[in-house]
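Read through the structures below before going on.
Both of the next two complexes hold chain A, though its partner changes from chain B to chain C.
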Partner chain A sequence: MFQYLVKQAAASVLVLLVVVTITFFLIGLAPGGLGLLADPNMDPEVRANILRNLGLDQPLYVQYLNWMGNILQGDLGRSFTFNRPVLDMILERLPATLLLGAAALLITVGIGFSAGVIAARFPNSLLDQVLSFISFVLLATPGFWLGILLIIVFAVMLGWLPAAGMQTVGKPFDIADRLSYLVMPAIVLAAGTTAELMRYTRSSWLEIMNLDYIRTARSKGLAERVVHNKHVLRNALIPILTIFGLFLPRLIGGAAVTETLFAWPGMGSMAVAAAVARDTPLVLGITIFISTAVILSNLLIDVLYSIIDPRIRY
Partner chain B sequence: MRKQLAVLASLALSLGGLAQAQSAEQPQRGGTVQIALQTTPGSLNPVLPAELASNIINWTMFSPLTVVNPYTNQLEPYLAERWETNANLTEWTFYIRRNAFWHDGRPVTSEDVKFTFDKIRDPEEGANNLPDFRRVREIRTVGPYAVKIFLTQPDAFLDDRLSLGGSEILPRHIFSQFRRLRDATEYNSRTPIGSGPFKMKRAVPGQFFELEANPQFFLGRPFLDGLVFRVVPDGNTRVTQVLAGQLDWIEMEPTQIRAVQGNPRVKTTNFDTLRYQIFAWNLKNPLFQDLKVREAMVYAIDRRRLLQTVTPGFGYVDDAFVPKAVTWIPRPNIQFREFNPQRARQLLAEAGWRTNAQGILEKDGKPFEFKILVDRGNTQREQIGLILQQFFQDIGMKVTYDVAERGGRWLQETQQGTFETRLAEFLMPNVDWMQRLFSSVGQNNSQFYSNPRVDNLLAQMRATSNRTQHANFMRQIQEELYATFPNIPLYYMERILATNTRLQGFPAANIKDAMPFIHRVWLRGN
Partner chain C sequence: MSAVAQTTKPKNRSLWRIFWRMLLRNRMALFGFVFLVLITTLVMIEPLVSLPSPNRIDLLNTYAPPSAKNFLGTDENGRDVFARLIAGGRVSLAVGLSAAVLTVLFGALIGLISGYFGGLIDRILMRFTDGLLSIPVFFLLLAVVAIWGGGPLVLILALGLTRWMGTARLIRGEVLRFKNMEFVTAAQSLGASDGRIMLKHLLPQAVPVLIVSTSIGVGNVMLYEAALSFLGLGIQPPTPSWGNMLTASQNYVFNAPHLAVYPGLMILFSVLAFNSLGDVLRDAFDPRMRSGQ
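Let's look at the complex of A and B:
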């Protein structure tokens, strides 16, 4: 296991290197330039000064080597737009991203998994059909639309929740205040993943239910509750874990649309703004962060596989 | 001869404008107003290059020497209480208010002005307004409250240019400890100290910026106690936040007006953006050098229908080159050229263009063929491009709609002058821009317009700092432009403010331009 993890970690560094290199050249070669320079009325000397100050007057490969040199010394560089250390900016946004991601994950697992199990326990019942219908509606509903709908109903019409932001400005820290801002973006972010998890859980559960060892368990006279909790649950978790592994980076990486809609100060909206402004160091910093999150969550899932399923050994 | 500017007159005018903008009610003190920013401000240092969000917030905290009053569109004193020039406009003296203080309590002096302008002049600093200071030979303080600017050549518009943003005065006592302005990272992103009506209380980049009234502000303590700038990137969310009472003052697209109409909490106000959409020819291209051809292309466009289709209906069409809202410049004696395709065809025939067998205009065996360059992502201009293509095709021209990235090929072709025709947005905030856009050597004359009569009028205008004479020259120049088609003004753009009905005393202007006068805005019912 340890050997496997070391090997995986080494491979991960290589993957990270490839990802950031591709990202660097994609931004560098994409049409359009630095957002700050998009004004056609900008004086050529001012433009040249800005390019020189940012090191953008050098050939792309030189920029890449400079950037890589700094990265190897642990320096993510400074944002072109904000002239602030990229690391500071990411760390500033990380708590909001993690909070929203964790809340969405809680909803996804809490509701998605339970609803999937309930649907599988009573296949083709009215309850199963209702849950399936809801999950299809949620899967088909775009986040931005659901978000606006929730804002109109709960913030504008009912006035129960704040429309956007993360806290009431000027108010000292108050958990109820923070939660009121978190509810809607967390629901919107979780809507799709909850529905997906429910579908996967249901089908995975039903598949296990039809296997021989379940029939054996039942024929031994085990109570239905024991069959489900002891035998089905553990085996059904494997495919679910795979899906879970795919969700994690999605939630950690920030959700650009949800964050933009709810003015949630996470990494997703910052990534979009940085890409639009062609703020290369900031885009690359975020890329490194998200790629690392993907790699780590994959490793975590691998470890969890071996815990859940004794047949899996590394 | 020394020329003192008519400060009192402009003050009287601006107070008149203010009175018009609000009711007879007495302004009340107190309350906090929440304003949206579309992005996180890139820099809280007004001298360094930045985007709209930075300009909005910086204009509440920093003071330029002069300012354009958004209630009247007139130039007014701000940090400088008055200024004067020598007879040949090569020496300008600005007198700083003696009651101006930095937010940390120190007095604002001529040393700060000299320091700031010297920094802007230094190419290593990368300041946005470097070109405005190219003619500056030297800046000298004359005592603690006067500063003299010596120019290498006459400049009648220096006071105008200092009002446009990017030349706000910075505190020398803070920046003297840094080698470069950009090195003051904390100051530039969280803890700015200016001399404007509001001062920073708490900055949470990416979320909000909380400001409090500056009791020492030189034009009087603001009525409001505080301002909160919230970063809300999505336009629809901003509208819902105004409806929910979480924002008090936003700019909206015309298409969003229905969402707020009839809501008792929200008031809408249309305002002239002082901007207009233009269709520009590359006048180096022989195809467009014939005046009759250009005139024909003006008549070929139904600009009223275009406005109705694209905006829809928010704005106005005009053949003048200065927005109506700039009332101190008299209207030129011109008549709007209505849509007249017959006249267009007739003019083209007079210019020697005949329709060939394929229905395309042709002269000397060459078809009338060109591209319209449009910047991708601007919905209005993308629509205009397609509509214009149709109008020009209707009179027999072969037109390609060519859409390109704004920061990429669109910018490159504009700067290098390789485009054939293009769509763009022009701004006419002051007399200086008339020169920038239409002088044959104007730094923003990207259409390559060259007219000795316009150059001559501009030279005469440059030779005086008299506002009345400027106004008359501006009228004459517009009449000359009208007759010679430097571009086609398609329509002047209007936008909409959606405000909390309690918000009073704000000008019908964009939020950025209103900010230097935020001290006059107040909340009813505090």
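Let's look at the complex of A and C:
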């Protein structure tokens, strides 16, 4: 059974290698060079030294082979702009991104799932229509715009929440302080996935309501509440696992924009800065690191899926 | 004979009419349709109307309130906000549409080949598609767009080549549904080539899926374009796009918060419009949804 899953994970890793290879050459072959070297008045000798130190004086394919050889040995290389190991930089930024991602996931599941269930319990009611409308609008809202609006209302006009950063500088750890910084970025990051999970939960709940075993449960006289809370709920939880796998890459991609907007010191904002600075090892290193995490968690999700749902056989 | 004539009396309802009827019943989609027609017309006739130039800087007239000359006032450089919204709309809509068409073309190609040939080719292509879905391509997109410059062409190519996976799976599903039907067998036994069968016999069956995917794809791609431009990696100022207008507005949230509202609303309305039109089109094409009428 696990053979299929492991094969897909292996295929994903292969695809990842192909994609980063293409990107490596797309970046390497681009006109212009490293942002670091943009200064036209730089001493040619200094420039040559920098290039030599970074290994950029060698032909592109040699650079690629060196880099890929290191990657395959688990070494993500060194950042061009900071001259530090990429892995160290990622691990430094990881906790902030994990915190933001976990908060967003909590909002997604807490609000998205409950709203979906409420909508499905009273299909076509006014409440259902309002919730569906909100989710439809949220799905079409650019996350960063929602963020700007929140900043204008809650930071600029009302002054309730801080607009940027992760904690008040110089203040000792304080949970309320941390939360006030976390609220807006987490909401912005979670907006799209919450709306989608709501729609998904609603439709899968309604679908389950039409199945034979629900009719059986009802015809044997179970209270409607018991039918919903026991029979539907358990089965509706299953597809939510799968959608998690789809949300992970999206949440992480969204983190790039959200973190930049709120100056959140995570991996996403670091990736944007690295992309602007043309720091190839850093950008590719972050992508490889995150992708590996996503591929592994997908594998885990699939395994859990087949354990929870006996109908699934690979 | 008369019995036959009666039972086969065709319900002569064209898709176009079904679409219209469904559109009129869906308020959101109707609003979206009107919005799109309006904005497209404005974008096209803009050169003919004497609007202020979108890039004309007037430092004596910054943050002006709405007036007869500047419908929506002016921005931090005294440029006319309305003219910039229209000019930005041209870029955002053009990039969105072209990239969406590209994703659909590419997705259709992969889906057709994968579904029609099956076997090893199918397995490899689908593994590749699924693998790509599990990679946060957004970061790589950032890097490539940052380095090759965020012109419209780079954006269209970059988005078009990384957002096709959903369409490919849908088209493959359609091909699998139809490829064992008699009309395909008939074409095969008449000696039609694989390419001809795919393009002339199978692709037309997938047209509904293609149209719906394009409509929803435009909204999707526009959100990505806006995000990239917002980060300063997409469309480069002074050329306006709805995304990069928001980047600038971010610096003026204290003295001119309204500047952040209009471009965002334009993106929101456009994406809503394309998404709801996609829903209406899907319903119009789906006979099961129609039978309820």
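Operating definition for what follows: the second predicted complex is superposed on the first by the 269 of 314 C-alpha atoms of A that agree within 3 Å, B and C clash if a C-alpha of one lies under 4 Å from a C-alpha of the other, contacts with A are read in each partner's own complex, and residues count from 1 in each chain.
Note that a residue touches a chain if its C-beta (ideal position, glycine included) is under 8 Å from a C-beta of that chain, and two chains touch if they have at least 3 such contacts.
All of these numbers come straight from a predicted model, not from anything done at the bench.
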First, second, both or neither for A:Asn49, with chain B first and chain C second: first
Partner chain in contact with A:Val183 - chain B first, chain C second, else both or neither: neither
Partner chain in contact with A:Ala271 - chain B first, chain C second, else both or neither: second
Partner chain(s) touched by A:Val156 [first = chain B, second = chain C, both, neither]: both
Partner chain(s) touched by A:Leu98 [first = chain B, second = chain C, both, neither]: neither
Which of chain B and chain C A:Asn298 touches, first, second, both or neither: second
Touching partner for A:Ile148 - first (chain B), second (chain C), both, neither: both
Touching partner for A:Ala140 - first (chain B), second (chain C), both, neither: second
Which superposed partner A:Thr260 touches (first chain B, second chain C, both, neither): both
Contact residues common to both interfaces of chain A (with chain B and with chain C): 32, 148, 151-152, 156, 260-261, 278
Contact footprint of chain A on chain C as seen in their complex: 28, 127-128, 130-140, 142-148, 219, 223, 226-227, 230-233, 243, 246, 249-250, 253-254, 257, 260-261, 263-264, 267-268, 271-272, 275-276
Residues on chain A engaged by chain B in the complex (per definition of touch): 31-38, 40-46, 49-50, 53, 81-84, 89, 92-93, 96, 148, 151-152, 155-156, 159, 162-167, 169-170, 260-263, 265, 269-270, 273, 278
Residue ranges of chain B in contact with chain A within the complex: 32, 34, 39-40, 42-43, 48-51, 123-128, 130-131, 182, 185, 188-189, 204-208, 210, 226, 228, 230-234, 236-237, 240-241, 243-244, 246, 404-409, 411, 414-415, 424, 436, 443-444, 446
Chain C-touching residues of chain A, taken from the complex the two chains share: 7-8, 11-16, 19-20, 23, 26-27, 30, 32, 133, 136-137, 139-145, 148-149, 151-152, 156-157, 245-246, 249-250, 252-253, 256-257, 260-261, 271-272, 274-276, 278, 280, 283-284, 286-287, 290-291, 294-295, 298
